[in-house]
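Okay, structure first, notes after.
In this document, chain identifiers A, B, C and D correspond to the written order of the chains, with residue numbering beginning at 1 in each.
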Amino acid sequence: MIKVGIVGGTGYTGVELLRLLARHPNVEVDAITSRSEAGMAVSELYPNLRGHYDELVFSLPDAERLGRCDAVFFATPHGVAHALAGELLERGTRVIDLSADFRLRDADEWAHWYGQAHGAPALLGEAIYGLPEVRRERIREARLIAVPGCYPTAVQLGLLPLLEAGLIDVEHVIADCKSGVTGAGRGAKVPSLLAEASESMKAYGASGHRHLPEIRQGLGDAAGGPVGLTFVPHLTPMIRGIHATLYGRLTGEPGDLQALFERRFADEPFVDVMPAGSHPETRSVKGANVCRLAVHRPGDGDTVVVLAVIDNLVKGASGQAVHNLNLMFDLDETAGLDAPAIMP
Amino acid sequence: MIKVGIVGGTGYTGVELLRLLARHPNVEVDAITSRSEAGMAVSELYPNLRGHYDELVFSLPDAERLGRCDAVFFATPHGVAHALAGELLERGTRVIDLSADFRLRDADEWAHWYGQAHGAPALLGEAIYGLPEVRRERIREARLIAVPGCYPTAVQLGLLPLLEAGLIDVEHVIADCKSGVTGAGRGAKVPSLLAEASESMKAYGASGHRHLPEIRQGLGDAAGGPVGLTFVPHLTPMIRGIHATLYGRLTGEPGDLQALFERRFADEPFVDVMPAGSHPETRSVKGANVCRLAVHRPGDGDTVVVLAVIDNLVKGASGQAVHNLNLMFDLDETAGLDAPAIMP
Amino acid sequence: MIKVGIVGGTGYTGVELLRLLARHPNVEVDAITSRSEAGMAVSELYPNLRGHYDELVFSLPDAERLGRCDAVFFATPHGVAHALAGELLERGTRVIDLSADFRLRDADEWAHWYGQAHGAPALLGEAIYGLPEVRRERIREARLIAVPGCYPTAVQLGLLPLLEAGLIDVEHVIADCKSGVTGAGRGAKVPSLLAEASESMKAYGASGHRHLPEIRQGLGDAAGGPVGLTFVPHLTPMIRGIHATLYGRLTGEPGDLQALFERRFADEPFVDVMPAGSHPETRSVKGANVCRLAVHRPGDGDTVVVLAVIDNLVKGASGQAVHNLNLMFDLDETAGLDAPAIMP
Amino acid sequence: MIKVGIVGGTGYTGVELLRLLARHPNVEVDAITSRSEAGMAVSELYPNLRGHYDELVFSLPDAERLGRCDAVFFATPHGVAHALAGELLERGTRVIDLSADFRLRDADEWAHWYGQAHGAPALLGEAIYGLPEVRRERIREARLIAVPGCYPTAVQLGLLPLLEAGLIDVEHVIADCKSGVTGAGRGAKVPSLLAEASESMKAYGASGHRHLPEIRQGLGDAAGGPVGLTFVPHLTPMIRGIHATLYGRLTGEPGDLQALFERRFADEPFVDVMPAGSHPETRSVKGANVCRLAVHRPGDGDTVVVLAVIDNLVKGASGQAVHNLNLMFDLDETAGLDAPAIMP
């Protein structure tokens, strides 16, 4: 059994890791840390886990104990992995970071968006951006993984085939994204109250959002050069789910777009290109590690529309983190990730 | 008191007309018709109206009785107003049609999108498209009003200032719209069940939706020529509300966009241009006849983003219908429409 | 015009007072206070009020300024009205307190449930419990009103006819109550997040809740002696609304229960006894100052079941407060309170 | 592998069976029938199953094909199992009926509540009521199982310890139950629309509901005589979940109720007695085959309150059906049922 630790286990990506790992045949959770809840049983905070982790108790972060794990997940706010990752790597523990700490290759850009200096620039060289559909082989060899953000996962998967094939105007790409409220985390903030966020829809960060540079970096890699992206996220009254609606302008006759998408993801266990004419629903991926895609070309015009849905806590966070773990430890890629979505 | 009738009063726009008119100082509801519920008291179907319309009972549609009203609202599926409007106009009753029957000026285009011949092409010449922010003066004189659809209202109000000023590329305009489920009406359909539509988000009609030609017609009027529009509507898990996110490409240096929008709607009682940097929420207009707008230019680039929210049943339907009535009968424009939105 | 002030206007009962008073023909809001948001425009915090109170700005609480009002509403946590009410009464300003400060006649019992000494025991003698259906005449003369809590309003209205008529076993009454989340206020607490409270149902305070002594006091008044009440509140995934399901054991043959209820509330403008066999929905009172009731006797057995619904922010708080104001200032009882509920 | 068939697979209990069986190590789904969707791929109707049952297609019901299965689940409206069960049993196929067809032992009572004659009275003698916590050993030997209804499961599990120990007045038991909307099935009915059922709470069937006789029968078995039950179900704005709040009057000093409950369910894999003072949330069982219970005695008085939560589609239907299958075929009881609930 592979022994793993989780740093910052009280948030939503933490409990989702526990839910997924409860069914993983090759993994056991050896330690889980929390500064605020140290000493509390995991199943007291998350009663859905009663009967599954009855011995597991939150402890204070402790590099020595974590260092005895084969791998450690960081399910923390930004900055925490900066401080601890280096020491764990030295102890031979692999690190899978679900936060933004190692997603941007440029430490200055990171500092610009997060308002503080990058805390571990020396590690940037070996951090691998953990989007398996793009760099599966490098993930297998990696010691330090930056798990992609939720919006970036949906937007990149939806646009990769178009950008790699050079079919759209890279200067004017639009990503109109809708997210459930767990994307904002478990913090007690007034705008996230049911009384405020339910029965309503709104955009936020229309003039700039922290996921923007991460998406641009990923799209730029696919396009082989800078991509001009307008990204507008919206808050949607649901618990889980991201729906990305992506607009690109075709620069020529694109051929069979449906076939292009199906080919691109033919061997991917966690990307589902739906039949032509489909409109994927976020509920069709609730709890599952899958991205469902559909590609449309309204009126056979010069605009292509891609619809991409994921569960932000699974394919957009904890499930993708487990997928990376499976690759790093040479396990079956789908281990722990093979349950269907729950619907209705 | 102005006597009005309502044809097809069992649907959501019907009950919303009754709710608004209950507070209207100059209007009394004289007749309400329904084929399916004839004989039932209005307050039995809609218990929120108990104590307000205790004498009002659904009757079968009857042109003679309706013809004794000063004005008749059609809150019906398409096709019904085609059949009845002419006779009512002949009897001197003015007609305010909330359906799509008279929104398109071109009978052939109507037939194409609705799959049946237009039933009253002779009336198209005098039907006025009832968007007061565009043709207030013509509405005052009109006998027959086509109340704009919900999506078209939000999209047009958000784009008018840019198109009238000639600031954006008219060939590539994008309207990404999110609607609550009442937009689909009160019909018993599986996809509208709470168990299906809640906790989920999906696009629909990505390759073509009936509101598309109506929006194109209105935008074309503003631009003075054809507008190339990509329109993708989405179903959102909320009862009421439309959020339109509109993207245009600036063709030059636009000047002060905030000032442009404020100027355009300075005298409009039902359009609220929010302060720069705002993100309007649909809940801020719930139950109220108002469109709130915000304009953004991310990174001072060449893409302009307009956010527009309305309540689809009020400014997107019944409230706008009452606004038209107020104009037609020379009443205070805000009569019956001056209540704040309900929030939270 | 009657000039009113609102202390603690940033919470949900505060904004609801503003919404209702915006349509009140005889009242103008002269001052609104908040310690946390002093200096902010009301319409900045609550954009639904844009266009309605554009000059109104939160100010620090100031007894002199408030004392120039004819009446002051307290929409505050407990303890605040204790500190200020006396001074306002001395200045001749009437006080309508929506908090729990003056609801219990016994200062010791108050201290027991609120964990602090009662701050104004000398005022208890003249505080009137503002349930108009019970003590309308005393409210007309009152200087200090304790507006009933939301649960207590629904439970008392549902049980009054049975207790006043002596039809049920007073030792074993059960009130199973379900509330929307605004009942918990606008505080940023994790259990009130959409991600936590949506798609779930739970009881709370099953072993004792602060509203219990208030309900017992009111029921005891009606019964003419102590009432043994089991009260279990539940959190329901909706914004507004209380549904009280009340169970009593008949001590004899009760006669026509439907007629009893109809007679008891025949002259009440804000209590609606629905037809026999009805099941009132909370949505039928959303935004309206009304309590709808239905009485059932399953299988003609010895258990009577009463169903009572209110909007916790209206008939359960701000609307009832305005009703009290109307009585105190000899206005039309329904002034500002005559709008139908919003449905759907 | 055990080969199973599903009759009536298009409803919510059908898709939930498929979701659970997808992970079952010993079962394969050989046939699924639907009159309305014959010929359609399962994954077309339920896209969450894409990648899991890609070969499975709805077929017309066919006793010969179903008769080749080891067991057949009926996920059908009442009446269907009556017609088919006998023939399948003759072919040696075991039947697990999720409908109400075999739940009542008395054919006349069945006819009274369902408004039609019982269609297979001869089979009533061998039908076993499949509540494993009560008759595990008889289930192991059974050929025909009547899976308990959702409300009956929650109510019986919550009251069993009290009734078996003879601690409460059996003439006056109250079950106030709250259910998510999937309890009403997937039928397209107006009251189940999101626009109607969301943001609202209501009771229904307060004067009599079809689950009442089933619950009475089960409680009577536990009490050893008739139980006088008042049962009021409520519709709650959530997809899944039942919350039963149960009230009994203690007839004497009950001893340690917490210990009583813990002892009663000590060996039950799917009943979780929570710590004293707990308030179980329905979300803590979403998607999982578990009933969580808490027992309260407010103010140490003579009323006991039990809180019981289940997922109506799992422990209240499909999960319990699989549990029965596991028992009947001597498999690990938890096979296919060991995943934690999904939370948030």
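Keep in mind that, in the parts below, contacts are C-beta pairs under 8 Å (C-beta built on N, C-alpha and C of every residue); 3 or more make two chains touch, one makes a residue touch a chain.
All figures in this text were calculated on a predicted structure; none of them were measured in a lab.
The minimal number of chain-to-chain contact steps leading from chain A to chain C is 1. The most distant chain from chain B is D, comparing centres defined as mean Cα coordinates. Centroids of chain C and chain D (each the mean of its C-alpha atoms) stand 39 Å apart. The centroid of the Cα atoms in chain A and the matching centroid in chain D are 36 Å apart.
Multi-chain contact residues of chain C (touching two or more other chains): 12, 182, 195-196, 198-199, 237-240, 280-281, 283, 286, 344. Across the interface of their complex, chain A is touched by residues 172, 174, 176, 178, 195-196, 198-204, 206-208, 228, 230-232, 234, 236-241, 243, 245, 247, 249, 277, 279-283, 286, 294, 296-299, 301, 303, 305, 307, 309, 344 of chain B.
Listing the residues of chain D that touch chain B in their complex gives 12, 180-182, 186, 188-190, 192-199, 237-239. Those residues of chain B lying in contact with chain C across their complex are 12, 15, 18-19, 22-23, 46-52, 182, 198-199, 239-240, 272, 274, 280-281, 283-288, 290, 292, 338-344.
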